[in-house]
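Both complexes shown next keep subunit A, but they swap its partner, so subunit B is in the first and subunit C is in the second.
Take a look at the complex of A and B:
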C-alpha cells in the first residue's frame, strides 16, 4: 500500500547529533514512486476540475467584453476559460452542476479544494537531538490546520528537565508516549504527538535521546536500529 | 513452585478517597505483591488523580476516566468500559480479575467482561444489604447478574457470607470467608504522655491510666456520619450517657450528612465542653485520636466487618458496639461490650463499660498484642492466594472445596469437571438464564451482546497491536525455590 504503520529511521550525522524520524512512508521503490506520481497528477487534475466547476457556476454570468480588465495576461486567461466553458465538456459540466444549489456546491467544493492542495499522504514526525544545544521536534503531514510550514519546536538543553516515557489513556486505550519536561512550563511537550508510535519505537528513541544528550560519548550507542 | 498470577483488582473505591474497602484493596495488593504476584488496580478517575499511577512497590493504578454519579460510584455504562478494560487486561497480561464492593459498577462490569474474555474472576463483598426496599432489590438483582458467572466469592465475615449467598443465590461452597485485617504497627496504644500531648488536638491532659475514681473517661467515636453508621442512635444516646456519668467526655471524628444533627444536639444540651467534634480526619490520624480515649463507641446499624473496632482494640480501647452484622465475629468477648441497636441498650452498655473501666477490671494494655496475633494482612493474602489457586486449578478441587464436595454428582451441571467454571458461552448462558423469568432473558441478551462486542474488538483492535507492559521486578518468597517468573 501507499502508507505503512509508523516506523523509525535514525540518522547520526555526527557523534553528538541524532535525528529520530517516525514516519508512515514506506521505502521509496519504483512502483511506489509511480503510484505517488499518479496520485499527485490525480490530485492536480481534481484541483483544476473543481476550480473550473466553480468558474462555470459563479463567474461566467458577467460578459467577457464588458469586463473592465485591461491586463492582457488576465484577458487571455479569461478568453481561454471562456472557450473551455463553451466546449462540449464544459457545457456538460455546466449542465451537471446546474441542479445543485449554490450553497451546497460551494460547501462541498471549497473544503475539497483545500484538501487536494494541503493534505499530505504521509505523516512524519522527527526529533533532532544536538548535544549542548537542545532538541527540536517537528511534525509534517496529515492536514496542517492553521499553518503551512512544519510545526517545529526547539527546546534548549538548559530548559530540559527530563525526557521520559509515560502512559496515558487515549480514546479507548492506554498508550505509551515520550515526553520532554520543560522547565517553567505547565505542560510537558509530547514527542511524536500525531503518530504516537508503539512502545518499541518509543523506547528506542528514549534510549537514543538520553545517550546522545547526557551520556559521555564513549562509542556506546543506545539506539537499536529501526523499529 | 507455587504459581504466581497477574491480578487486577477492580473497584470504584480507591485512594485518594478514604475508607475500609480502599485500604483493604491496598493492603491486600501489597501483601500479594510481597508473595510474588503482580497486582494492578483499576478504578475510576478522581479529582486530581487521573491516568496511570504507581504506588509503593510498583503497584500500578489505572484511574479510568469515567463519570461519577453517587458517593463515588460510576454510572452503569454496561458496555462502554469494555474496550478500555480489554486493553488494560491485555497489556498487563492479567489472569485473574478480582472485583471489590457490591456497590461498585466498575467491578460488576469488569467481572462480566473478564468472563467473556476467558479470565478467572473473584469477587469480594464488603457490605451487608437488606432485601426489602426498592434500592436493595435492584442492587441484589444486579449482584445476582454479575455473580452468576463468577468463579469464587470472598466475604469479610460469616454474616456477610450468609447475606451474600442469599442475595445472589450462590452455592455456599463457592463463598469463602476471609476477614479484614489491620496493620497493627499503625495502631499501637499510647506509650508516653509526651506523645499524646504532641498529637493532641485540644489542650486536654492525656488519658489517665490506670483510672482513678474521678478521672475523666474519654469516649471516642470515629465514623462517617451517615444513617447506616448509626449517627441517629449516637445523637440520642450522647446526652443520656453524659448525664448518667459526670466524668466523661466524647471525641467525635468524621463528617457526613448527619453531622448537623449532632451539632444541634450539642447546642441544645449545652455540651460544648464535653463533646469535641473534630470533623473529618485522615486515616493516619485515626490512631492519634484513638489513643486519647478509653472507650470506643461504635453505634453502626449495619456492618459487614467493622475494621475500625479492630483498630480501636489494637490501640487499647475498650469497645462498645452494636450487635449487628459481622461485628460479633470480629473481637473476642473480653474486649467488647455489646448492645442491641437501640438507644436504651446502647446507654446501658456504655454504662457497663465505664463501670468496668472504673473498677479496673479490663486489661486494655494487653489488647494490642492479642489483636496483632489475630489479624494480619499477610495471612489474608495467603488465604486469598489459596482461593486463586483453587479457581485456576492449581490445587485440586477436593483440596479446595473439601472432600465431600469432590463428588461430581453434587456439582451443578454447568460446572466443569475440575470444579472450575467453564468458559463456554452456552454454559455461561445457562448460568445467567436461571436469574429470573424476565431478568434471566435480559441477562442472557447482555451476555450475548458482550460476547459480540468482544469479537468486534478482537477484529478492530487486534491483540498484536496492544503493547505489553514490562513487569515490575517481582519479589520472591522464601518457601519458593525459584524466582516467580511465569
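Take a look at the complex of A and C:
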C-alpha cells in the first residue's frame, strides 16, 4: 500500500530539457500522507526507544556515578531520563533486555539505529536530459551508504556514444534496461540500476531521450556503416 | 559562328545534295510512305505520353532527390545549426541584483550560448562595447590579460545584452533582455532569436579560497606512473599470474563493450555547444575574478575626464602616507641587502642536504644484480628512510611550483591538487614527528622496562610456547597416535635448535635496553621510524621460526610428492614428464612390491610430519599478520589523506568531485515574473552544483591496497600452497607500498634540476612584487589590491 510498482513521471519544462523519474512512491493522497507521517513517527519512536534501552543498560551495568553535573540543561535531561528509567515501562524494558549480553545488544541496536535514521522507504531514480549539456542519472532510496544526497553521475553529451536498450537474463527472467555507452570507458552506464523498470517505461524513456538530447529533425543524424 | 564558315558549310551541303540527288528522293518517298500509314500520328502520341510521364513522375522525383542530396551534403558541414533556437544562458547566482539599468557583459561561446560575467550599471551599451574593444575594462590587471583569453577559450568579452531596460528601446536581436531585481532569485531572460531558453545557474567558486569546479574528480595521488608498478611486479611468477588473469578479464570485458558499441547505427557529431562544456567550466572558475576586475574598472567607461589631485590634496596625502613610505623604504633595504644572504645560505643548506640524500638513496637502492633485491625491498626501516628522503627531495620542487602559482591568476586551477598534496605530506610528517616525540620520550624514559617486557614476550612466545607445543606434539597430541620415533626425532631436532637460539637471545638480553633506547631516540624522526624498526626487529628475532617453517615445509612437501608418485605406481601408472600427463606403465613384481611397502610406510608417517608442519606454518602466518599490521600502521602514518579530509569538512568546494545538475520547477518562477509584459519563451531553470569528492575516492588507494592484500593472501592459491607445503611467498613490498609512493613522482628530480629550480625562484619573486611607490600612494588601495588568500 505504501509503495507501488515502479512507474514513470516526466517533467519537461521546455522541449530541450526533460527529467524522467521512475519511482516506487504512489501519488500523494491524504491517506497516504497520513500513513507516511505515522510511519516516520513510528521510526522516530523506535529510534528513541533503542537509544533509551542502551541508556538503561548503561545505567544498570556501570556502578560508578559521574561527578555532579553543573550544566543545568544536562542536569534536567539526566533527571528526566532517570524518572523515565524508574517508570513501569522503563523497568519492564530493563527487565526485558537484562538477559541479553551487552555485546549482542550493541550489535543489534547500532545497526537498527542506523536503519531507522537512514533507511528510505521509496526508491526513486531519475534521468535528467539537458540538450547541449548531457545526461545525468541519480538514485535515491534504500540505504544510502556514506552520503545523504542522491548519488549522481553526469555524462557530457560529447562523451555519449549512444543510448540504447539492452536485454539481459536476470534469474529466470529477461530484463530490458537502458544503457548509456560512454566514450573511452570500459563499462557502460546502466540507467535506473536499482529499479530496472518494465520494458514499456524503458522504451518511453528511450524515445524521450532520443527526442530531447539531440536536435532530431535537421540532419544531425547520418548513417554510419558498421560491419 | 563565323559567317564565312556558314557560307562554306552551305556550299558544301548544296554540293552534296546535287551530287547525291537520289538519296533526297528516297527520303521524300519514305516520308510520304510514313504519312500514308499513320506513323507520324502514332509517334506524336507516344511523344505526348512520354512527356506527360516525364512531367508527372521524373521531374518531381528528381527535385526530391536533389533536395535530399543537398540535405545530406550540407548536414555534416553545418555542425552548428541554430534552427532549434535553443538559447543557453549561464548565470551566476551570487551576482549582485540591484534593479538598476545595466549592461550584461560576458563570453559569447556561440551565437546562442552565452556566459554572463557581470552586469555593469548605469552605462551605455555603446560605451561598454568600445571599452571592451580597447581593453579599458581590463586595465590594472594584476597578471597578464592574455592568460584569461587563453584559458577561457574566447578571444574577447562581449556585450551580451541589457538588463532592466524598457521594451521600447531598440537592441540587437541577438542580445538578451534580462529583468532582475532584489526580490528575484532567478532572472527572467528573453531573446528575440531564441524560442526556448535554458538558464543554468551556478555558484561562482572563490579563487581566493582556492575553490573550483571541475568535470572530473580531483586527483589526490600523483598520476604520472600508470603501470609502473605493474612493470616492476613482473619479478615473481605469482604476481604475473594474477596480473595476467586480470588483464585477460579486462580484455574480455572491453571486447564485450566494443561489440555493444557496434550496435549504434547512427553517430552524432557533437555541436559547438556540446563541445564547449570544458571551456565553460573554466569560465566559471574565472567568473569571480573577472567580475571583480570589471567592476573595478567600470568607472573608466565613458568620457568622464579624470581630475588630477590638487596641491592641497597632495599635501594631505603625502602627510598621511609618510609613515608607510618610511616602512616601505626600510623593508626595501632589508629585502635588498639582508634577505638574499639568508636565502643563499638556506639554499646552500638545502643543496648540501640534497646531496647527502642522494648518496643515501644510492646506497638504499643499490642492487648487486638487476634481479636482486635492494636494501629497501628487504627492510622496512630502509624503506621508511627512503620514503622520507624522497619526500625531502620532492618538497623543494613542489614548493617552487607553488610559489610560481602566485605569479599567475588565482583562477588557474591546475596547481590546486599539488597544493593539497604538498601540505598533506608536510602535515603528515609534522604529525608523525609529534607522535614520534611522545612515543620516543616514553620509550627512552622506560627503556629498561620496555626492554624487559620485550625480552619476556620474546622468551614466552618464541621460545617457551614453541618448546611446549613441540613437546606436546611429541607425546601423542589430542589422542592422535603419531609415530613415536619420528615425532621424537623431529621434536628433538627442533628443540636443540630452539635451545641454541634461546642461548643466543640470552646473550642479546643485556644489549636490549640499549637497542630500545636507540629505537626510542630514532622516533624523534617520526613515529613511523620505531614502527619500522620494530617490524625489522620482529623479523630478525623470529628468524628461527622462519627457518623451522622452511625446513618442515620442505620435508612435508617432499613426502607428499613421493606419496603421489608411489600412488601412481600402486595403480600401475606413472607421470610422464615429457608430455606432462599420466601414462600407464608395466612395473615388475618386485618394483610394485617395494613401491607399495614404501607407500604404506610413508603414508603412516605422514600425520606426524603434518602436525609439525602445521605448527610452524601457523606460527609463520601469525608473524606475517603481525607484520601486515605494522605495515598498515606505517601506511596510515605516511599516506593518510588528513589534509584532504580536513578540507572536505572545512570547505568542500576545494575538493571538487564533478558536477551535478538540478532541474527546478518553473511554475513558481513563471508566477514570479508574470508581471513582465511580453510572453516568455519556454524556459527551464537548471542549477549547476559542484559535488564534493566522496570519501570512497579519498581512500581509493587504501581500498586498492586492501584488495591487493586480500587477493594475495586469501586466494585459493595460497591455501593450496599451505596444504601442499609449498613456500607461501610474502607479498612483494613494492606492491604493498605503491600506496606510499603514490604521493611521490616516479622519477625524482636530480641535484642540478633542483639547483636550477631554486635559483629560478628569486627572479620570479622580483617580478611579482616590484616596489613602485605610487601604487602604495594611498594606503587603502594597497589593501584592496592585496588578494586575500587563506591557507587553511
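The definition used in the following text is that the second predicted complex is superposed on the first by the 201 of 227 C-alpha atoms of A that agree within 3 Å, B and C clash if a C-alpha of one lies under 4 Å from a C-alpha of the other, contacts with A are read in each partner's own complex, and residues count from 1 in each chain.
Rule of thumb we're sticking to: a residue touches a chain if its C-beta (ideal position, glycine included) is under 8 Å from a C-beta of that chain, and two chains touch if they have at least 3 such contacts.
For clarity, every value in this text was computed on a predicted model and none was experimentally measured.
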Partner chain in contact with A:169 - subunit B first, subunit C second, else both or neither: first
Subunit B versus subunit C as contact partner of A:132, first or second or both or neither: second
First, second, both or neither for A:88, with subunit B first and subunit C second: neither
Contacts of A:161 with subunit B and subunit C, given as first, second, both or neither: second
Greater residue coverage of subunit A in the superposed arrangement, subunit B or subunit C: C
First, second, both or neither for A:184, with subunit B first and subunit C second: neither
First, second, both or neither for A:16, with subunit B first and subunit C second: second
Subunit B versus subunit C as contact partner of A:198, first or second or both or neither: first
Residues of subunit A that lie at the interface with subunit B and also at the interface with subunit C: 166
Of all residues in subunit C, those that touch subunit A in their complex: 71-72, 74-76, 81, 83-84, 86, 88, 113, 196-198, 200, 215, 250, 253-254, 257, 260-271, 273-275, 277, 658-661, 663, 665-666, 682-686, 691, 694-696
Touch list for subunit B against partner subunit A, complex: 50-52, 62, 64-65, 83-84, 87-88, 91, 461, 465-469
Residue ranges of subunit A in contact with subunit B within the complex: 166-169, 172-176, 198-200
In the complex with subunit C, residue positions of subunit A that touch it: 11, 13-17, 19, 128, 130-134, 136, 138, 146-147, 152-154, 156-158, 160-162, 164, 166, 179, 181, 186-188, 214-215, 218-224, 226-227
